[in-house]
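To keep things simple, chains are lettered A, B, C, D, E and F as they appear, and every chain counts its residues starting from 1.
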Amino acid sequence: MTRPGLVISRISRVLSDYENLSALYALLVVGGVIIGIVTLPFIGYDDDQLYPKTLDPSSSLHPYDRGGEPFGTTDVAAQYPENSPYLGYVTAYLTPFSAFLADSTMHLGTTIVSHPGGITDEILYNTRGLDTVVETSILFVAFAIAAYLFRREE
Amino acid sequence: MIEYLIFALFIGLLFHGIHRKVIARVQGRPGPPIWQEILHTLKFSFKETWIPKTASQTLFVAVVLVAIGIWSAALFILLSGGSILLLFGIYLLHKIVEHGLGLSSGSPYGKFGAIRSVISAASELPLFATVGLIYFFTHSLMLSDIIAYQQVHGPLLIAAFPAAIAMYLVILSKLHYSPFAIIEAKEIVSGNMTEHFGIWRAGLEVGYAIKTYVLLYAFVLIFIGQLPLLAALLLMLLILVSLSFICAVSPMLSPYDTVTVQSLVTGAIAVYIIVLGVILA
Amino acid sequence: MSMAMSPEFLLGCAVLLIGITGTAFPRPRSYVSRLISLEIPAFGLLLIMLSFDETLALLTFIAVTAIATFVLVRVIERRGSV
Amino acid sequence: MDQVYVLGLLVVFAGVLIGFYALMRERDDLHRILLTDLAEILALALIALVATDLAEALILPGLVVGISELLAVSEVYLAKEDLRTPPTAPPFRIEVMESAPGIMALILVAYGIILSGFTGGAVAAVGAIFYFLCRGQNEQFAIIETVSGYAWVFWIGAFFIFMLLPAYWFFAVMIAGGAILVKVMAKMSLIGTMRGGEHV
Amino acid sequence: MFNLPVTNIGGSELFVLEFGDIVNYFSVYTAALFAFALIFTALAIVSRPEKMVDIAFGGDAYYTKEIDPGLLRFQRFMAIACGLATLGAVVSGDVFNFTLFVSMVGITNIGIVAAYKNKHVLNAAFQYGIVAMLATVPLFGGAAIVLATTGTLSLWELYTAAVAVPLIAKIFLVLGVMGEGMAPFYIAKAEITRAQGAPFILMVHVSSLLVFLRVVEIVISM
Amino acid sequence: MNDLLAILYGAVALIGAVSAVVQTDSLNKLISIAIIAGGVIPFLVDRGYLDVAIAVGLIIPVTTIIILLVCMRDAV
């Protein structure tokens, strides 16, 4: 069938097939990225970052040693420190087990800081806790979908 | 406020009637009297009303109320000089009303209407080009600021001409009998409104009438500026008649072609904005 | 923060690019081969994270990659290889 | 840092170009899933380039979102292709699958519990999946799901302690770290039981 | 303490909700979107789905489809989750938090449609899912570029004139939301719309339109 | 790490990566992946992250075994 406006109907035909959807989206992203590469010279890293990493290789908490004293004040470069009155408490805190590990070896910094406490938990649970709420909800929803589809077959 | 709402409703319905009349005359038919749509709405208000058994009852009624609600809110934004982003947001949310109308009834024709309404959702895209371009000139999206800007710099119609075209296209796609009005094409009966009759249909007519008034008035305010009411009405009528001419002489596009046309217009204006930005920056 | 470009970062970038090319155009073009190729850019990202000392993220990433591999294996198993 | 960032950005952009170009050419749905997994790596690389503690904290949610979507989409794929029956090909066995799982799973799970939080949950889940994979599974689906549901509620509670009663931050950290560990580990190790079939 | 730096786009500030570093806000604009999302979430909770009428060709016979209660419960759960995610996304005051809410919208949308057994609808849902997953690259990438180049994620800071957000970050954010919400890619959505369950299907459209409206506000204000 | 070792391990990782792309047989690809791991883990150790190196060293074989499941099925 020949229709007027050949180009338009040809585009319409591609658009109307949802098998082409991801290809179409990929095309858009590729277009965006090309703009990105062209404008790359105008992009610069801002050195005044939130929660910057300050490394102290001699610490047993390396690379997560942020100083501070447990149950005292610790300097944390949060966006709105006034919204988190106990800011820094989580960062400086070590569980007894972590404290033991920290005293006995130099090479378990990651493990120690991941054990409840540390700067990452400070961010994830305290200052940006809402992110974590959303994120666990996403996992919850995704699993509900998978479980529903999986169990329906039984 | 309430009296203005009724006034807008009356004018909107009258515009619908004039629209039909102009189309009929262009096509060499006598056409209905211009107050036909007002009579229609009155007639529907007093007819027997019930909800189809197959419908999702709550939704079936709620969308009608939402339709009236959002367009009354839109009128309020226009009068109070609020944000045109919100105004266009409401325009987008109107889409939800269209979907809801068609989907809630359970009727296959309503459903087809709703599906077409989903397909034609690209008709919103030109709006964002409009918003972007206007912001580019005025650095504000508050209607009051835009009006103030035009008093100093002259109508935006000249400065931001592509944006005016985009918005013109948007109004065109929402008008009855337009080449983009695929959701109420006659082959699917009345499209997504098929199952809404009686008082529900009257409610929809009310919402749509306010919508037509709001869109035309917004066009005048955004691109020409604040005018005395009578002049503004006259201008709106002129725009409407020009739209009616287009509706009368152009065939309805196939559903996917409407998407393509509208997307292409948006893309062209987006490129225009970027080029303008690069040149002026 | 490491101001200069660390060898880990440069190596990571190289492995990432090689891996992406390998995954985008796998040899042979089969599900399994593409699945295995996916591991290469993962190592590239691992090195990039290492160069910024983001070890907690690194550890999580490696663990989640293992789980993702399992999810994909489950699909490929049922699909049968092509 | 500026140079590092711009170079990194260039590499990732180039990667996006290659990866998405391949995706444009791809017609097979399962290959598309594999390529979206590649895209996930690129998204994480963009976050990693920020190189602060905040970046690290953002990678973790990014990772979880990625694996969640992969899980849901792959299940939709199986439903749409109607690949319901578990694989029936002869089982594959190597010696290591008899001896390793017990001890390796134990190490990973124990280490995961020490780590706690997301990282711990993911590491422990790998251990659990590996165990289910090699030793077969007893279907405790409903119980594990319930546990993970409660863990989620505990975490929401911890969030509100942080926001409303910050003085009790210590309990909040403990509850949050523990609850997320349990939640992530439970959810993800359930994937191990979803393989189906009696051949393992 | 908090003063919305830009009031000439979304109207004046009404109410602020603080969660640590994430400070959500209700301006006239976001509050309107919030109210709209709330109405449709409530509708998804209270209304029952329609009974779709199928006409048997070649006769006057027609029959209505009944909906399976398990499917109904699941879809309602997904629709409510989708509504909550939309509520979060439209008032979020933080770029990364916004992107997380948007990806939750994406995944709940997949959930709403993936529940059908119709192969046609499932196929559309799958293609949609692929795009939603791809969209995490521009979505999170956009947020990451914003963070790296400006040193902040808070919209309160980003809206100030002193902070310049690179063009690519804005493009990425819009592309990301387009992918998750499928805003202009209506083809798969049209197929999805053919399925039964109006109040829930409608939620797919409501959420994607609202997050798209929100991202437009964010991108223009930045 | 001194420069020589860094170059050496870097070369190992790069060779592994290139070989994993070039190899056409699944098992050979898996072996190449193991070579990349061999080149990468020293960098982890060198920076002093013993715990991370151990965990990564444990998880990578698990991934390999998971992939082997489909590879062997193909071979059978």
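What we mean here is this: contacts are C-beta pairs under 8 Å (C-beta built on N, C-alpha and C of every residue); 3 or more make two chains touch, one makes a residue touch a chain.
It should be emphasised that the depicted structure is a prediction, and the values quoted were computed from it without experimental measurement.
K.L.:
Show which chains lie in contact with chain A and also with chain E.
P.N.:
Per touch definition, common to chain A and chain E: B, D.
K.L.:
Among the chains, which one keeps its Cα centre farthest from the Cα centre of chain D?
P.N.:
B
K.L.:
Per the definition at the top, count C-beta pairs in contact and tell me whether D-F or A-B has more.
P.N.:
Ranking D-F and A-B by C-beta contacts puts D-F first.
K.L.:
Can you work out the whole-Å distance between the CA centroids of chain C and chain F?
P.N.:
Once rounded, the distance between the two centres reads 11 Å.
K.L.:
In angstrom, rounded to a whole number, how far apart do the mean CA points of chain A and chain C lie?
P.N.:
Distance between chain centres, rounded to whole Å: 18 Å.
K.L.:
What whole-Å value do you get for the distance between chain C and chain E if each is reduced to the mean of its CA atoms?
P.N.:
Measuring from centre to centre gives 30 Å for this pair.
K.L.:
If you average the Cα atoms of chain D and of chain E to get two centres, how far apart are those centres in Å?
P.N.:
The computed centroid separation for chain D versus chain E comes out at 24 Å.
K.L.:
Residues of chain B that contact two or more other chains, please.
P.N.:
259, 263 - these are the residues of chain B that touch more than one other chain.
K.L.:
Residues of chain A touching 2+ other chains?
P.N.:
15-16, 19, 22, 26, 29, 36, 43-45, 47, 49-50, 52-53, 84, 109-111, 114, 120, 126, 128-131, 134-135, 137-138, 141-142, 145, 149, 152, in rising order.
K.L.:
Could you tell me which residues belong to chain F and also touch two or more other chains?
P.N.:
Answer for chain F, listing residues that touch two or more other chains: 49, 52, 55, 59, 62, 66, 69, 73.
K.L.:
Can you list every touching chain pair?
P.N.:
A-B, A-C, A-D, A-E, A-F, B-E, C-D, C-F, D-E, D-F
K.L.:
What residues on chain A touch chain D, complex-wise?
P.N.:
19, 22-23, 26-27, 29-30, 33-34, 36-37, 40, 43-45, 47, 49-53, 84-86, 89-90, 93, 97, 111, 114-117, 119-121, 123-126, 128-143, 145-147, 149-153
K.L.:
Taking the complex as given, what residues does chain B use to touch chain A?
P.N.:
It is residues 254, 256-257, 259-261, 263-264 of chain B that touch chain A.
K.L.:
Within the complex, which stretch of chain E touches chain B?
P.N.:
Against chain B, the touching part of chain E is residues 8-11, 28-29, 32-33, 36, 39-40, 43, 46-55, 64, 184, 186-187, 189-190, 193-194, 198-199, 201-202, 205-206, 209, 212-213, 216-217, 220.
K.L.:
Could you list, by residue number, the parts of chain E that touch chain D in their complex?
P.N.:
19-20, 96, 100, 103, 106-107, 110-111, 114, 119, 122-123, 125-126, 129-130, 132-134, 136-137, 139-141, 143-145, 147-148, 153
K.L.:
Touching residues of chain A toward chain F in the complex: what are they?
P.N.:
57, 62, 106-111
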